[in-house]
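By letter and in written order, the chains are A, B and C; residue numbering begins at 1 in each of them.
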Amino acid sequence: MSEPMLLRCTDVGVRFGGVKALDGVNFQLRKGELRCLIGPNGAGKTTFFKCLTGTQRPTSGRVEFRGHDLAGKQRHAIARAGVGIKTQVPNLFDGLSARENVWLGLRGLEKPERARATDRALERVGITGLATRVVGELAHGQRQLVELAMVIARGPELVLLDEPAAGMTREEVERLARVVLEIAREHAVVVVEHDMQFIRMLGGHVTVMHQGRVLAEDTLEQILRNQTVRDVYLGRSNEA
Amino acid sequence: MMTTSTKWPCVAAIGVGLAAALLVPQMAETHTLLNATIYTSLAIYALSMALIWGYGGILCFGQAAFFGLGAYAYAVAGINFGDSTFALPAAVLVPALFAAVLGYFVFYGRLTDVYFSVITLTVTLILYKLANSTAGEAYRIGEARLGGFNGMPDTPPLNLPFDPAQPLTPAQGFAVTIAALVACYVLCKWILSTPYGRAIVAVRENEVRAELLGHDARFIKLTVFVIGAAIAGLSGMLFATSVFVSPTVFSLANAAQVLIWVVVGGIGTLVGPILACGLLQALSAYLGKIGFIDPAVMLGLVLIGSVLLAPKGLLPMACGGFTQAKRRLRNARSAGLERSHAS
Amino acid sequence: MELLALTLLQVLNSIAGLALVSFGLAVIFGMMRVINLAHGEFIMLGGFATVFAHGMGVNIWIAMLVISPLAVGALGLVVERLIIRHLYGRMIDTMLATWGLSLLLIGLATTFFGNRVMGVSAPLGSFALGAYSVSWYEQVILIIVCLLYAAGYALLRFTRWGLMARATMQLPEMAASLGVARTRVFATTFTVGAALSGLAGGLLAPLAGVVPTMGAAYVAKAFITVITGGASVVVGSGISATLLSVVGTGATYLANPVIGDVALLAAAIVLLRLLPTGITGRIFKGYP
């Protein structure tokens, strides 16, 4: 591939005292690529995600986004650099309407353009009908969608989604998968997930993490046939 | 709540202000006029808290520090320059600068809300102790003796701009104070209508999400804090010209009452705390006159009652309904128990 | 030589004083994460309880060590049942409500007790240290505070009750499933914390006068000490009381008492900036 990588993580490590939450993680993502990040609990997915979002400072290694090292940067600087982030527990402005929530994601744009981009984001996620509803009153699945709209409103080159399907019903998950696939046509997406059905609906490559390291990286079918991965998930072996 | 229109409330405020400035001096005696001026200066103080806490989510337990710094800065500058025109910028800039330094330390240090509250409380206490200890000739800034616990003697009155020989009459003083209140109100309303103002509310609602959307929460909180401090300083100056400057401006009581005005008047409104300020001031004065109940008892009960039954404010609730409060109390208790220790 | 001993005693007495007024608050904040801004008023009422009890003929030691804690403890229980228990998990609201309580108590005390400073004389007299005269009573307070902290530590670390209390503090849901009535633990903790504040007020009554507005002088310092100390009730407040008192006494010695107070408060601000979760948030983490 002659194209430069959008996101290149080299040897990322995080230590808490004596514990290595992440141990030399190498992770690369091309522009417009969709990747799912899976792994058993405690594998380090959340810690790695936090390194990408600026919530956690890696104790070693580099996180390069479009050539710039993001490691240790402030959260808002990372967001401004073109990374859209959806947190595991939805972080929304509960007292404001859905439209206002999305609108706030478009800082720096001129008024008319800002209004247009807000409407477009609501449309892409399919929640135009909820625009004037106060977010605090919406159901969980709807809140997740509002957050998604907020995240993509600005057209970030990289979208990070932390367990977007959590707590959703079957129909909501299908709807979410369609929305994420639509987003993935224009943005690079990394999805951290547990829900295998949802990952199947997304397609794309899957990275498996285990004990702070990348265990395997392949298509979902290959991953499911990978004996080491199966052992790790079924608990037969603790060593990779 | 966020997309309130700005134009009509500002027009109304200017109208009411003009009417008050023209009519009240005609109808009231000097004594009442002076009281009205004091109430109005305190209303500006309430406005500063309504901005930083009601809209900014910054719970400052020591807003009295900026109120007091405004008062003292004005008196010191006024005595030294001999002209209140030059003292006005001092009353606004000194608290603003102080807030900038303190705010930088706290917000860029990412200290949590609780610690911020404690630190601001401590700061006003430190200033109170320092002001109290400045009795004696040795304690002076330029020509101005600080006066210790008795306060500064000869706090200069406001004079016509650039004309120290002409102090303002009570009617003019009242008009100036009303004008200041209206000006600060219009300023706050305008700020809140800009994208920056929306970002202020966003940071209050969910700081994490605001940052993940690219807003620098530290900078936003710092600037709101500084603006609030400047407004509080202005109110301190106007208070000082009507009363006089003494360490009580830094007192815990002064810090508490502005909080109570916002708790009662409502979070997320500028007018509510202003009204609550007037109401509670009048109530305190009335109780003080009767001498039967100590005003502190009433204020304490009001604060406790508001927190328990109407966390969004007594005045907003009175417009809402009483049964809602009881339901909220029950729900909050069970939710709180589940959430306790989630800090 | 005597000057050195005198200075040492002064520093120790100052540490003991700060540790004493902070202990009740440390118990409540450390165990329940409740910020009780009426803490100063609990101390004040403890002082008044001692003054009145002694005035009615009760032995001064009984008044200080028994009557004050019981009286204020009872008040604490009432406050917890009526106000605090509705506000668990809402730290800022608790601060506001207890500030309201503080105003209420000051107002009531002023109405019923008036504005004059009342007092009792310090028992035990003084002894000579070279050319200086030192109060026996202050040294007794020093010993009482040491005993109090040691007892608190032992209780939390070595008894079954202490274990349950610490478990409830760290994981309320888990403790509930182990059969600990969480609301009962909270009510007991708040009552104990209030009683300790009352005790502090009683013990301090002979040293400083008792007046309805005296609480303000204590609440800020106690707060600062507790929050700088961090989550550990005994170890945390003990260490921060020591550090802050040393700074405060040093500054008082070099300048004057006002500067001493200011230095103490400023030192706490600096410490908090360096250790935002308090001293025992990093060092001695996990100790009771």
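Definition applied: contacts are C-beta pairs under 8 Å (C-beta built on N, C-alpha and C of every residue); 3 or more make two chains touch, one makes a residue touch a chain.
All figures in this text were calculated on a predicted structure; none of them were measured in a lab.
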{"item": "Co-neighbours of chain C and chain B - touch as defined", "value": "none"}
{"item": "Centroid-based (C-alpha) most distant chain relative to chain C", "value": "A"}
{"item": "Highest C-beta pair count, chain pair", "value": "B-C"}
{"item": "Central chain of the complex, centres being mean CA coordinates", "value": "B"}
{"item": "Separation of mean Cα positions, chain C and chain B [Å, integer]", "value": "31"}
{"item": "Chain A and chain B: spacing of chain centres that average the CA atoms, whole Å", "value": "43"}
{"item": "Separation of chain A from chain C, taking each centre as the mean of its C-alpha atoms, in whole Å", "value": "48"}
{"item": "Chain B residues within the chain C interface of the complex", "value": "59, 61, 105, 109-115, 117-119, 121-122, 125-126, 129-130, 132-133, 252, 256, 259-260, 263, 293-308, 311, 329, 332-333, 335-343"}
{"item": "Sites on chain C touched by chain B in the complex", "value": "32-33, 35, 83, 85-93, 95-97, 99-108, 110-111, 169-172, 182-183, 216, 220, 223-224, 227, 256, 258, 261-262, 265-266, 268-269, 272-273, 276"}
{"item": "Chain B-facing residues of chain A, complex", "value": "53, 74-76, 79-80, 85, 87, 91-96, 100, 103-105, 107-108, 150, 154"}
{"item": "Chain A-facing residues of chain B, complex", "value": "1-3, 195, 198-199, 201-202, 205-206, 208-217"}
